[in-house]
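The following blocks contain the structures, represented as structure tokens.
Okay, so chain A shows up in both of these, paired with chain B first and chain C after.
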Partner chain A sequence: MTGVVLTQAILSGLLWGAIFALIALGLTMIFGVMDIVNFAHGDFLMVAMYVAYTANAYLRMDPLLAIPLVAGLMYLLGIVVYRYIIKRVLEAPSVAQITVTFGLGIAFRALAHFVFSADYRQVQHPWVEGRVQFAGIVLGAPELVAAVGALLMTALLYWFITKTETGWALQAVAQNKQAAALMGINVDRFFGVAWGLGLGALGVAGALLANFYYIHPDVGAIFGGIAFVTVALGGFGSIQGALVAGLIIGLVESLAGVFISPQLKYAFVFSIYLLVVFIRPKGLMGTT
Partner chain B sequence: MPFRNRSVVLGGVGLAVLLAIPLVVTQPHPQHVLIMIFLYALMGIAWNLVGGYAGQVSFGHAVFFGTGAYTTTLLMTKAKISPIIGMFAGGVVAAGIALIIGWGCFRLAGHYFAIATFTVGQMVQIIATQWKYIGAAVGVYVPLDRQYQWWLTLQFKSKAGFYYVALLLLGAGLWLCWQIGRNRLGAYFRAIKGDPEAARSLGIDIFRQKLYALMISAFVMAVVGGVFAQYVLFIDPASVFDGALSIKVALVAVLGGAGSLWGPVLGAAVLIPLNEYTSVMLGSSGSGLDLLLYGVLIVVVSVYQPDGLAGLWDRLFGARGRILREKKVTADAAARS
Partner chain C sequence: MNQKRLAKFVALFLSVGLLVTACGGGAKPAENTPAPAAAAPKEVAIGAIYPLSGPSAVAGKDLTNGVTLAMEIINGQHPELDLPQAKWKGIPNLGNAQLKVVFADHQADPNKGKSEAERLITQEKVVALQGGYNSAVTAAIAPVAERYEVPHLNADSTSPSLTEQGFKYFFRTTPHDGSFVENAYQFFDDLKKAGTIKGTEKIAMAMEDGLWGQDTAKSAKALAGKNGWNIVEEIAYSSKAANVDAEVQRIKAKNPEFVMMASYGPDAILFLKAFKGMDVNPKLIWGNDSGFVDTQFIKTLGKDAEYLVSREVWANDLAAKKPIIGQLNTLFKSKFGAELNGSSARALQGTLVLADAINRAKSTDPKAIQAALKATNLGAGDIVMPWKGIKFDEKGQNTLGAGIIVQVQNGAYTTVWPFDVAAGKLVYPIPAWKDRK
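So, the complex of A and B:
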């Protein structure tokens, strides 16, 4: 009996862990390339979920089918936010860089509140719903799809960063802006690309989540909080770190929720995080 | 000397106006807004010691606020100790907690520190929500005192009483911060922010100085928490350990001017009325328009006035500010070349 419960907890923890990792990916990427922590990250996830919801409610589009649409729109939003707001604070004191993204988060949350009200919403008639059962273990089908999608997206982004020319340029900018500029890389453009890709990946996560999770203006708060912890645990700027950290956090959350107390599960997530960074102040895979 | 005379006169007039306001403005809501401005300004000053002067951005200051609110209230409900003593007891407890948190978190730098303080704040809120002895999620009601024996309960017949308490504490906080700023401690804090390695090489124990900054900051936050609890008469983990409070306090200080003495006062004087009145005018029915304006304003100030409103103030009114800034520009240029 406990064997089944344990397996169940581990599997559902891993599913959520993969989703956490994908959410954290955009955050770690933007930080890695340009040293800015986007404190509106959770709220951008919320925006992506509402885009998927709108596509479902008004265009009758399944959230899974809407993934390219959501990711594309979020890519554009990332470029716009960078071009018109973030770019202007690049030379500002770091506290102003922090408040600007906080302000953005508050504004987007308020906008969602204004447009969609505070009601909890859910997509209607998704293709994938219900549960998957085998050997006494029950997993939500949309969660399974989301986790597989998250892993695929993480792998895709990793491939993109390490194997394409754009990815190399991003890495070059992340390592040394001056040197990259001297090699003829347009640093400003790749900052924009980092924001676009970061929010685009978040868009994929948002659509996958919207497939089964309740959508409301404050939905980003808890996911955003977990994303910061994931990124800091994995090491700012590290994609592999975000994946490993996401899976660890998913596991801890699930195991603590099942075996200790559902109310205290986040306390355990946060204490694991604190424990790790006290031993390794730059996170598991942080370098700089 | 004429400059000094003029500032003494201006200061005296300003103080007289502040003292007279409750006699003229007698409606409860404007008085409430003023009290909130004073309390947030004081919290911004406290945050500024760590986040502005020493450059250690904290997103967990609600921990100290909540500690003060709970210590003060529980000392009164369980041991009949007056909040006037209780709030300082809360300050001492909070300073002790700051020592523990700082001992752990100051091993981390930059964003890692900021996120660690955020997670500590979340954890403390979760623990307080589960802790039966302090009322868990239900919270604690402060017993009403119909005799208004404020020296025993810190409750007043009208809001004017709290107005003067908040004003007095704000004055004390400004004085404390001013003293720290012009003393060795303030120089240490700024050195840590400016160049930690250089400060260390000059023999400054950075870790210890950061701990001092956080402990003083926590003490002040807790005093405000203690007063706030007696003002609203009800506390629960969701309100006094709220992560949003930590962020609001940081915003007040940063938008006002991180590292400047009067910055948090300016920040509170702009943000708090904006927050209070937009929700009245645009309707607090949850339409979100008030917060939209609030968020957009934060973005605009951060983009166009990254040094905070105090920088704008200096540029418009202060000759001294202009000179200081020019000095800073030359120093920056020298550092770059």
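So, the complex of A and C:
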């Protein structure tokens, strides 16, 4: 009995952990490349979920089928947000940058309230529904799909950053703006690409999440908070770090909730984070 | 320059808006008040203090509409209605004196409630007070009524402490929050008596960790012990959690027959989805109103909301067993363009109870009316609400009131308890997820 409960707790923890990791990817990437903490991250996730919802409600598109669409639109949104808003505060003090992204989040939330009202939304008739059962263990099928998707997306992004020329350019910009510019890299363009990729990855997360999670203007607040802890735990700017940290957070949340007390599950998550910050302030895999 | 003009415009716009709201709030009820008939020998005035404007104004409108309809039933003639007051034309024992209501607005502010209560008693010479919906305001009105020795009938505030102050002039017809949880156990007991359940069912509780959820949990735990029910798991969870998988796993591990929940909108949805996702199959899920009767609940969950059981105070499907509810709802709809709901129906009932007491007192002396209220003994057939009757204990709390229990059946809330007013039969045990289509 306890064996089954333990396995179940570990597996559902890992599922959610992978999803947390994917949500944190965009945040860690934007920070890694340009040192800007995007406080609107959770709200961008909310926007992505509404895009998936709209595609489902009006174009009868399954959220899984809509992944390229959502990711593409979020990529464009990232470029636009960078070009017309973030670029203006690049040289400003970080307080100004925080205020801008924070305000952007509030604006998006208010917009969602205005357009979609405060109703809870839900995609209709998704392809993947129900659950997967084996040896007494039950996992939600859409959660499983989301977790697998999250792992694939993380791997893809990691490959892109480490193996392609654009990825190398991004790394170069992240390491030293001036040096990169001297080598003929258009820094401004790659900042835009970082925002596009960051929000694009978030778009994938939003579509995978919309497949089974309720959609609401304030849904971003819940995941945004966890994304920050994930990034800080894994190390700002580190993709592998975000993956490991996401999985740790999912596991701790699940195990503490099942075996200690559901009321304290987030207390344990944040305690682990505090512990890491004390021992290793740059995060598990941080370089700065 | 431009900005200044804009600011001026906004200021003007806002003040006009405020003025309109203020006028609307004040004038509306006066309009609804039946004009005292010139030929009537005399009239009796009662005061009704409700949130006509401010944050609770939506409820305030329902409440005053309920009172207005009650006045019409008392003063006019509605022989088609099966209510004792419908056959009256004014207060019979006072020479058919017309009952008059003076509305006052407390704006959900206890201080305003207090001063309005004083004004109604000293200036308007009302013989009794009704109100005030927001528990905090009701708590401010009650001491004023007590000081002036004028009866205060409360039909719509559910904070349990209101009847614990030792007031002699305070009477509450509605059940309070504590008794809603009690109703759940009465419902379980009734199921046991009917042979539907054995009485040995294990109960798991999952309640949000805020004040409301934990108050519900406290009552649920205390009453379980008293009634011999076995609580095997108590979960206090954060209503802001991203997922409730761990919570649901704990419930699953204990394999309870019943799950009792106090949840807001999003967490109610997360829990039901997780129950389905992890194939947790309790035989009954009871929710304490709120998230489970949210207008979004059935809409969002669709078929997965089926069979959920929740407590409620009012349902218009009760008309099938209690025709007066359907008749009044039709009348109410034609007059106000809205359905009777928990607020309007309870306010209407409150005014009818006051009229009944004034009639039996045969006097406009507040002390005589207080004595008559204390002796109130109305049966299920004399009242509008789906209760066993109205009879006050020494604290002034109606002991025969009860919430109702509804179950989601075919995408709508259906009253399933108390059995004598139920519109549908409880589906028990609820089908396992794998057996649902």
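Rule of thumb we're sticking to: the second predicted complex is superposed on the first by the 288 of 288 C-alpha atoms of A that agree within 3 Å, B and C clash if a C-alpha of one lies under 4 Å from a C-alpha of the other, contacts with A are read in each partner's own complex, and residues count from 1 in each chain.
The definition used in the following text is that a contact is a pair of C-beta atoms (placed from the backbone, for glycine too) under 8 Å apart; a residue touches a chain by one contact, two chains touch by 3 or more.
This structure is a prediction, so every number in the text was calculated from the model and none was measured.
Asks: So, A:Tyr214: does it touch chain B (first), chain C (second), both, or neither?
Replies: Once the two structures are laid over each other on A, A:Tyr214 reaches chain C alone.
Asks: Touch check for A:Gln263: first (chain B), second (chain C), both, or neither?
Replies: A:Gln263: touches chain B and chain C.
Asks: If you stack the two complexes on chain A, which partner ends up touching A:Leu156: first (chain B), second (chain C), both, or neither?
Replies: In the superposition, A:Leu156 contacts neither chain B nor chain C.
Asks: Please tell me which partner, chain B or chain C, touches more residues of chain A.
Replies: Tallying touched residues of chain A, the top partner is B.
Asks: In the overlaid three-chain picture, which partner chain does A:Glu143 touch, first (chain B) or second (chain C), both, or neither?
Replies: second
Asks: In the overlay, answer first, second, both or neither for which of chain B and chain C A:Pro93 touches.
Replies: After superposition on chain A, A:Pro93 lies in contact with chain B alone.
Asks: In the superposed arrangement, which partner chain does A:Ala107 touch: chain B (first), chain C (second), both, or neither?
Replies: Only chain B; A:Ala107 stays clear of chain C.
Asks: Going by the contact rule set out at the top, does A:Leu6 touch chain B (first), chain C (second), both, or neither?
Replies: Neither partner.
Asks: Using the superposition on chain A as set up above, list the residues of chain A that contact both chain B and chain C.
Replies: 263, 266.
Asks: Spell out the residues on chain C that touch chain A in their complex, using ranges where they run on.
Replies: 209, 235-238, 240-247, 249-250, 253, 265-266, 269-270, 273, 276-279, 296, 299-302
Asks: Can you tell me which positions in chain A touch chain B when the two form their complex?
Replies: So the residues of chain A touching chain B come out as 31, 37, 85, 88-89, 92-100, 102-114, 117-118, 217, 225, 228-229, 232, 236, 263-264, 266-267, 270-271, 273-274, 277-278, 281-283.
Asks: Chain A touches which residues of chain B in the complex?
Replies: 51-52, 57, 104, 107-109, 111-112, 114-116, 118-120, 122-123, 126-127, 129-130, 243, 247, 250-251, 254-255, 258, 286-292, 294-299, 301-303, 306-307
Asks: Looking at the complex, which residues from chain A come into contact with chain C?
Replies: Where chain A meets chain C, its residues are 1, 5, 8-9, 12-13, 16, 119-122, 131, 133, 138-140, 143, 212, 214, 216, 219, 221-223, 226, 253-258, 262-263, 265-266.
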